[in-house]
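These notes concern the structure reproduced below.
Chain lettering (A, B, C and D) follows the sequence in which the chains are written, and residue indices restart at 1 in each chain.
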């Protein structure tokens, strides 16, 4: 009950934000919030596999970054009129979000399916490390792409349009990001309470039991991993629009680590927690960086204390209920 | 390509592998015995290099620098074990990854505060700065031969320590039969702190030894850390033998891919795309190796039996 | 004898030089309670693990209703009707008691791909699960996390889960482990009620329970089958008495 | 001089409060100049030098630039494009800062440019990517350092001048690496025996060094930024190649942030730069002396770039009497480049990138036993980058 109330209040705050900030002549903070929401979406997606599924993926940056690149590359080709694929059929770029964003989710999802298919054969630390290794592979391959900027990244000309409507400006993209996040949270919570979630969570708690019951553990996990990768890709597409820029930095292992930090900071196995974790971490980074050049010297120990002494994360403190994981 | 060049490149690969082993040995020791995954191992490596560099500069003795670097690694490791790692033994790997990730951020900034943002100086001693002709017409850096010796010595030391000594017996027993060991009157906490310090000393040693070959700078730990993880995962987590095998394999795969792929692919593809493909494959060769090994043997080459 | 529900043919499993099972064969007829006994280290748990598909035999095969299932893993065999309980209780500890059983029902149905309807309002799961909990006498604890049950309750839940899978054959690995006398008797009477309806393989140390329930008994020692027969025959078997039973009976 | 730290938003809950507490526009006080630069991670030394060089000018002038009191607002981008962009957005949109500088790395620059350039003026204190020199050049973007290709071109030119026939090229496997080698080849007339592309996280160069020995070239050219270069130079010397084949590189691989760490291993290497420690110009002498006195270390080329950026901005502030909001006038003042650059003659081309001299330097030991650069030749005079023609801005 208290958790629902907390979630409802959070939603109200996020809905009110554009109006409040507008009134205070701080509309640009909306752009900051949009970035937080995009990361929140990616962190919540990670929570699905990490918190509920018990799969500690150290490579989700690869899915986030891939989604960002798909959206960015499509816009890039659209703006200079060149072909994305010239043969056997010519495929050009597009600015339409209804095409580009599902494409981003699809490509990231397929990548996650491929990486998951191999990685899920392993357990524990091996899983952590193999997902990291695959993400590094994707990272270096993207770095080497000559036509899309390599380490320099890719400037994204303009933004997507949504069913023909412009997303320029702070508010439209904010609303879209918020809608996507809310939709995913609703879907995720419902899924985790449904049969799929029951089996996935059961397999996390006791894989041997689940197998003895005949639960197709591998397939369920692969499905969850793929879904999670796809949603992280979608978050990447939002991020590409927010920053008008995509960079290989999104695919780096530090970004993957940061997504994990967001999940844990907020509280794993809650889906709402990672949203809070994403907002808190990004806000802390900006705030601390403004105070001192040596901000990492504050952020590092602070994170350490959270891991050591606040295992449940922030959300349970508010919602009064521990997460599933 | 001549046979000499092939032999030289193979030696290069093995040499790089041994360098990786120095780093991976401590990591796999700590994982194998304490079941702790320590991302901050790279920070110990960095600390070893910085302290070793500073001591070498002050005293003019590289040997003292090596000793100081290893000691610094051990000391910091001990401090970490007592304050942080100790609380992580009964936690899952996720908590260990995150806590030690936080340590990386802290250490990187801490080193910057103490030593400044610029890389620092650390060179091989005069007597090792020349070259030795190992094959006809192939001068080889003497210092790299010293690195190989250090790596082999570390491997032998670990083998002896774990396989032949009472401490080693207790260490091995401590992982699986904690209660039995405690009943023998041995303090497992002290034992684990000791292991962590040994791991730290190895990391510090690796740091100083790498100093004359690599840049001693903030962030130097992470680059090699990821490679070291590839090494121990390929070799089989927790196995020193596996770490050696993994290190040599990764060293060879990396070096061979860079040395020979362009030549091989030029026979198959037009030159420009051959170079591009070869360079891309070379970039990911070690990760590819790891993916293949784990796909075939999910526990690595030398799995540790529980 | 009717065709065996579950049959082991020449199962062999080695760990290094040690043979945990050596050429073990046995067959469980429909409705039969087939007990496997033997001293510690005789290879009973390894046999169960191979029958359930958790371990692969080095040689030999496993047949389920005449079909070779040796190549199938644990999950696939479970879907074909092999259920098991564990010597050391295996529960989803943070799921509620009811959810543990619901998961078993869901697995028996084979439908895991529901994304929208909450499992708790899915009558296909809850009706069967609740009935099963009531039969096990656990209905009062239905919403408590499994981890909070007493040991005896956990053993009951373990059995309730296995029965909710609607299996063709049930592998019971020391179901009475750690239970008191009263609890063991209750368990025995539950199992007795299943006899004739469900084929069971019973690994058990408690000889009273074994001789009370078993239609046939296979004796393992050192990984080999040293005798198979009706309880009376086993009691009279000289080899068995020497190798194993003697200690118990005389004691 | 004061360097104020920016007030940023607090946690999400504190959002409205933070907004009320900090007024959106600074109504009075000193003129703010935004400096986004890299102060943490492996690239921190570069940003540190740019900042110190810039601050030195402000300090020497008693907290003023062009006679106007200024406040340099510094923020660390941690070499993350996203952070750089977020900081830029904050500085431009919230604090309404009109002049920004300081970004070290082109990936951060390209991420921040779309936010900065529509409403503020940017003076780059480090090398500029080809995009911003060519088609995407901008009337409000000025580069007071050099265009990425300049230093590579200079070495290509010099190696050709010296009559060296066979060159072996090494760069990381990414577009900037390929661009660098393309820049070298643009002016190199001899034979390229190999273009070797290495990993971007490469530690060990033994394989490449063996290939170099076997190819026996007349010159080796490397483009290996940051720690990669240090790794390579150390290993090149240890392999005994330094005595056989001269090693060439761009100036930043052999400058004062790197040389103390590499030491004698760099002696005898040749490199190109638009600036040098020993340039006998009064402006340069003053810069080097005051920098060393202030920070107790020798300045690097990054420091010289930060210093020049401050001088350039100061000249435009003086010309417009501090009215940086009049962007056209401010840009026009910048374009005149009416300042005494520490590198000697300096002017802007049509694309707001430098037309300048590029020197060749050799790494030597100075009188005090320090490893430094000595200027040995001039590779180009009044050199302009190859992308200027693609820029539509008027000259």
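By definition in this document, a contact is a pair of C-beta atoms (placed from the backbone, for glycine too) under 8 Å apart; a residue touches a chain by one contact, two chains touch by 3 or more.
Note that the structure is a prediction, hence the values are computed from the model and not measured.
Colleague: If we look at chain A and chain D, which chains touch each of them?
Modeller: B
Colleague: How many angstrom between the C-alpha centroids of chain B and chain A?
Modeller: That pair's centroid distance is 32 Å.
Colleague: Could you give the separation in Å between the centres of chain B and chain C, each centre being the mean of its C-alpha atoms?
Modeller: Each chain reduced to its C-alpha mean, chain B and chain C end up 47 Å apart.
Colleague: Would you kindly tell me how far, in whole Å, the mean C-alpha position of chain C lies from that of chain A?
Modeller: 44
Colleague: Using mean C-alpha positions as chain centres, tell me how far chain B is from chain D in Å, no decimals.
Modeller: Here chain B and chain D have centroids separated by 34 Å.
Colleague: Quick check: what residues of chain D touch more than one other chain, meaning two or more?
Modeller: Only 39-40, 173, 199-201 qualify.
Colleague: Taking each residue of chain A in turn, which ones touch at least two of the other chains?
Modeller: 140, 143-144, 146, 294-296
Colleague: Pull out all the chain pairs that touch, please.
Modeller: A-B, A-C, A-D, B-D
Colleague: Okay, in this complex, where on chain B does chain D touch?
Modeller: Residue list for chain B touching chain D: 2, 5, 8-9, 12-13, 15-16, 19, 108-109, 112, 116-121, 123-124, 129-131, 138-141, 143-144, 212-220, 223-224, 226-227, 254-255, 258-259, 262, 275, 279-280, 282-283.
Colleague: Touching chain D in the complex: which residues of chain A?
Modeller: Per the stated touch rule, the residues are 13, 17, 20-21, 24-26, 28-29, 31-32, 35-36, 140, 143-146, 149-153, 155, 239, 243-245, 247-250, 276, 279-280, 283-287, 289-296.
Colleague: In the complex of these two chains, what residues of chain A are touching chain B?
Modeller: The touching residues are 50, 56, 58, 118-119, 121-126, 128-130, 132-134, 136-137, 140-141, 143-144, 146, 253, 257, 260-261, 264, 294-297, 299-304, 307-308, 311.
Colleague: Quick check on the complex: what are the chain D residues that touch chain B?
Modeller: Those residues of chain D that touch chain B are 39-42, 44-45, 47-48, 173, 195-201, 203-204, 206-208, 210-211, 213-214, 226-228, 230-231, 234-235, 238-240, 257-258, 260-265.
Colleague: Quick check on the complex: what are the chain A residues that touch chain C?
Modeller: 187, 190-191, 193-199, 201-202, 205-206, 208-217, 220, 324
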